[in-house]
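A quick write-up on the structure given underneath.
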Amino acid sequence: MNVSVFRKERFNAAHRLRNPEWSEETNNAVFGKCNNPNYHGHNYDLIVEVRGPIDPQTGYVIDMKILSDIIKYEVTERYDHRNLNLDVPEFKDLNPTAENIAVVIWNRLRSRLDTRYTLKIRLYETERNFVEYDGQ
Amino acid sequence: MNVSVFRKERFNAAHRLRNPEWSEETNNAVFGKCNNPNYHGHNYDLIVEVRGPIDPQTGYVIDMKILSDIIKYEVTERYDHRNLNLDVPEFKDLNPTAENIAVVIWNRLRSRLDTRYTLKIRLYETERNFVEYDGQ
Amino acid sequence: MNVSVFRKERFNAAHRLRNPEWSEETNNAVFGKCNNPNYHGHNYDLIVEVRGPIDPQTGYVIDMKILSDIIKYEVTERYDHRNLNLDVPEFKDLNPTAENIAVVIWNRLRSRLDTRYTLKIRLYETERNFVEYDGQ
Amino acid sequence: MNVSVFRKERFNAAHRLRNPEWSEETNNAVFGKCNNPNYHGHNYDLIVEVRGPIDPQTGYVIDMKILSDIIKYEVTERYDHRNLNLDVPEFKDLNPTAENIAVVIWNRLRSRLDTRYTLKIRLYETERNFVEYDGQ
Amino acid sequence: MNVSVFRKERFNAAHRLRNPEWSEETNNAVFGKCNNPNYHGHNYDLIVEVRGPIDPQTGYVIDMKILSDIIKYEVTERYDHRNLNLDVPEFKDLNPTAENIAVVIWNRLRSRLDTRYTLKIRLYETERNFVEYDGQ
Amino acid sequence: MNVSVFRKERFNAAHRLRNPEWSEETNNAVFGKCNNPNYHGHNYDLIVEVRGPIDPQTGYVIDMKILSDIIKYEVTERYDHRNLNLDVPEFKDLNPTAENIAVVIWNRLRSRLDTRYTLKIRLYETERNFVEYDGQ
């Protein structure tokens, strides 16, 4: 009997989309205004889904306080009010699209969770553009 | 050809988290302010997903009025403006965590739905903490 | 390594629910006020989920601008500010329930997307009533 | 000591914007797709604000159940799942723009409320277009 | 040149509506299920509006961190995960309707803010029922 | 008889808060992580309220298409996917706090609107922090 629990956290960050192997013409053609050299930014909403059995002692799948602390330590304290391209090492050589940010976050969180849990994350870049990743 | 239909309902309830086999010290360490002996409360949002084939006569998977009536009869009329620990028999001996409430609601609704439907529910305790259960 | 990307679009339309093979009595009994002969309407929210591998050159599963243009061409420009029963050919002989609209939209979008992508859509008729279809 | 209390209700309706004294060319130039002869529709959200003193016996400005019943009787039961142009007498000769709908609703509600209350309403035609009217 | 700044905070609490000078019959007739002797609860959303001139040195009307700390100290740490009737002294003899809670919160915050600011608060008991108070 | 009409638009931008006349120590003490030299960013939601009489010919206070075009020309095309400090001339010497951005936007829009209208704007920096300005 498995239940999914979800925790929503937020971070506000600047970024720029760019492939350094391409000319500026190609970068502008593909990424448009997302390639602004002075960066733009977003309020990112992150929803973390952890699925597993209910602990009969607590009635919890996982203590939300513990899950929230893991997300803060691995993600929000490292990304919030930062420039993803310049301040966050994992995007030094990786284009910070929503897709790539989601994969990086998933890997960071996966390493901190017991193997009895499955993990899926949803990342909103805006209310109209968002992504989901479950490691598969 | 299966389609999922979703219906959102709400109930407002008081509850308290506690394991009666534990000392107060352990209960406070695990459940913190959720163990307030005088209770606290939430606006719960419940989203019920019913999946099945479209009836070619109606164009419906299930009549939303019927689904809404089932949810009201089984859940909202029994939980709304109630104290889950004191007023709702199924939580007399079961800690009313979001996980446990979801499993109880799923079982109540499952018994009322035809076997051609699959059922999943999502229960929001707050905008930031929610759970999902599909019987598996 | 597959990621889902989601794009939300909107359209505002009039419709009426009715089975032309039934008497008015039966139609009223089944569809109630949704069978108003003068129509009523909704703000429909459409969320399109496209799942596939991340292109290592762009960091995108699919360019959201391209996905948005496909949705506009296939759905919103054809449905927005229209009467679904009278103005949209695919509902001339198909009851425009949320379920049927979702299947029609899925088929329109499926034909425009590369086979390496899987497709799921969610359609909100109201905040409380919505449907999901993934072609299975 | 005055407090404002707000109650949110909803109705889903079809409408068409048109000035019958104008040519079709002028109507199309001014109202565009909102002038579709077959109508389109919206999920309208209505927020009613009643301001007045707190009754020391109840702690209420006005009983929300009573306010909700007035809104239902005067507005939602008359507008919901209707065609505003064809089914609602007050728009037979009045263009059902959000502005005009708000003024009509305000007048209907005003006549039912004690003079010790002031009244303001907000009407959402979409999440991005809404209006407010307070009788002044 | 005055600007309003708004800060949103939340608290989850249990409460019960009741006039101790009335019979149970009258209380039930007026307050209905809100008079459940075992309490029910809500997720309260509180929006605090502070209006004043922009400080030319900071570009702030008030530092949001300071405003948030005042709200936490005066309101959320005292009300969150509490029973308003039993745990919060100001409601020992005051019916905790949304109106009365708003007036109490306004008075607590007013005493902590410089007189150059005006103060208004909005309190959501549910998404559909909310109140506003500005001290007048 | 005046009605307010509201139009919501969005822009996503990077910014940094800083007073160039202060030491870095003071800037960090006052602005904290908002003073990150590499910038951070937000999804800004802008709600523009225009109040005036209803034109009896159209039923409109102002054509929402015209209002939306003014907002796009004056605000969103100039701020969206930009770095407010580096790319937008009006913030070269003005700290881009939400308060200051709101005043600048209000002035830009005011100059484009007929004097028969009054103007108020609300700017959301996040869901929890927002500001309002009406020119007074």
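Each chain carries a letter (A, B, C, D, E and F) given by its place in the written order, and its residues are counted from 1.
We take it that contacts are C-beta pairs under 8 Å (C-beta built on N, C-alpha and C of every residue); 3 or more make two chains touch, one makes a residue touch a chain.
Fair warning: this is a prediction, and the values are worked out from it, not measured in the lab.
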Please report the smallest number of touch steps linking chain B to chain D. 2
Between chain E and chain F, which partner chains are common? D
For chain E, the least number of touch steps when starting out from chain C: 2
When each of C-D, A-C or B-E is compared with E-F, the one sharing over half of the residue-numbered contact pairs turns out to be A-C
More contacting C-beta pairs: B-E or D-E? The answer is B-E
Measuring centre to centre with CA averages, how many angstrom lie between chain A and chain F? 28
Would you please write down the residue numbers of chain F that are in contact with two or more other chains? 127
Please categorise the chain-chain contact pattern as a line, ring, star, complete graph or other. other
Every chain pair meeting the contact rule: A-B, A-C, A-F, B-C, B-E, C-D, D-E, D-F, E-F
In the complex, chain F touches chain E at residues 17, 19, 30, 32, 94-100, 102-103, 127-133, 136
Contacting residues of chain D [partner chain C, same complex]: 10, 12-15, 33-34, 36, 38-43, 80-83, 86-87, 126-127
Name, in rising order, each residue of chain B that touches chain C in their complex. 1-9, 49, 54, 57-61, 63-65
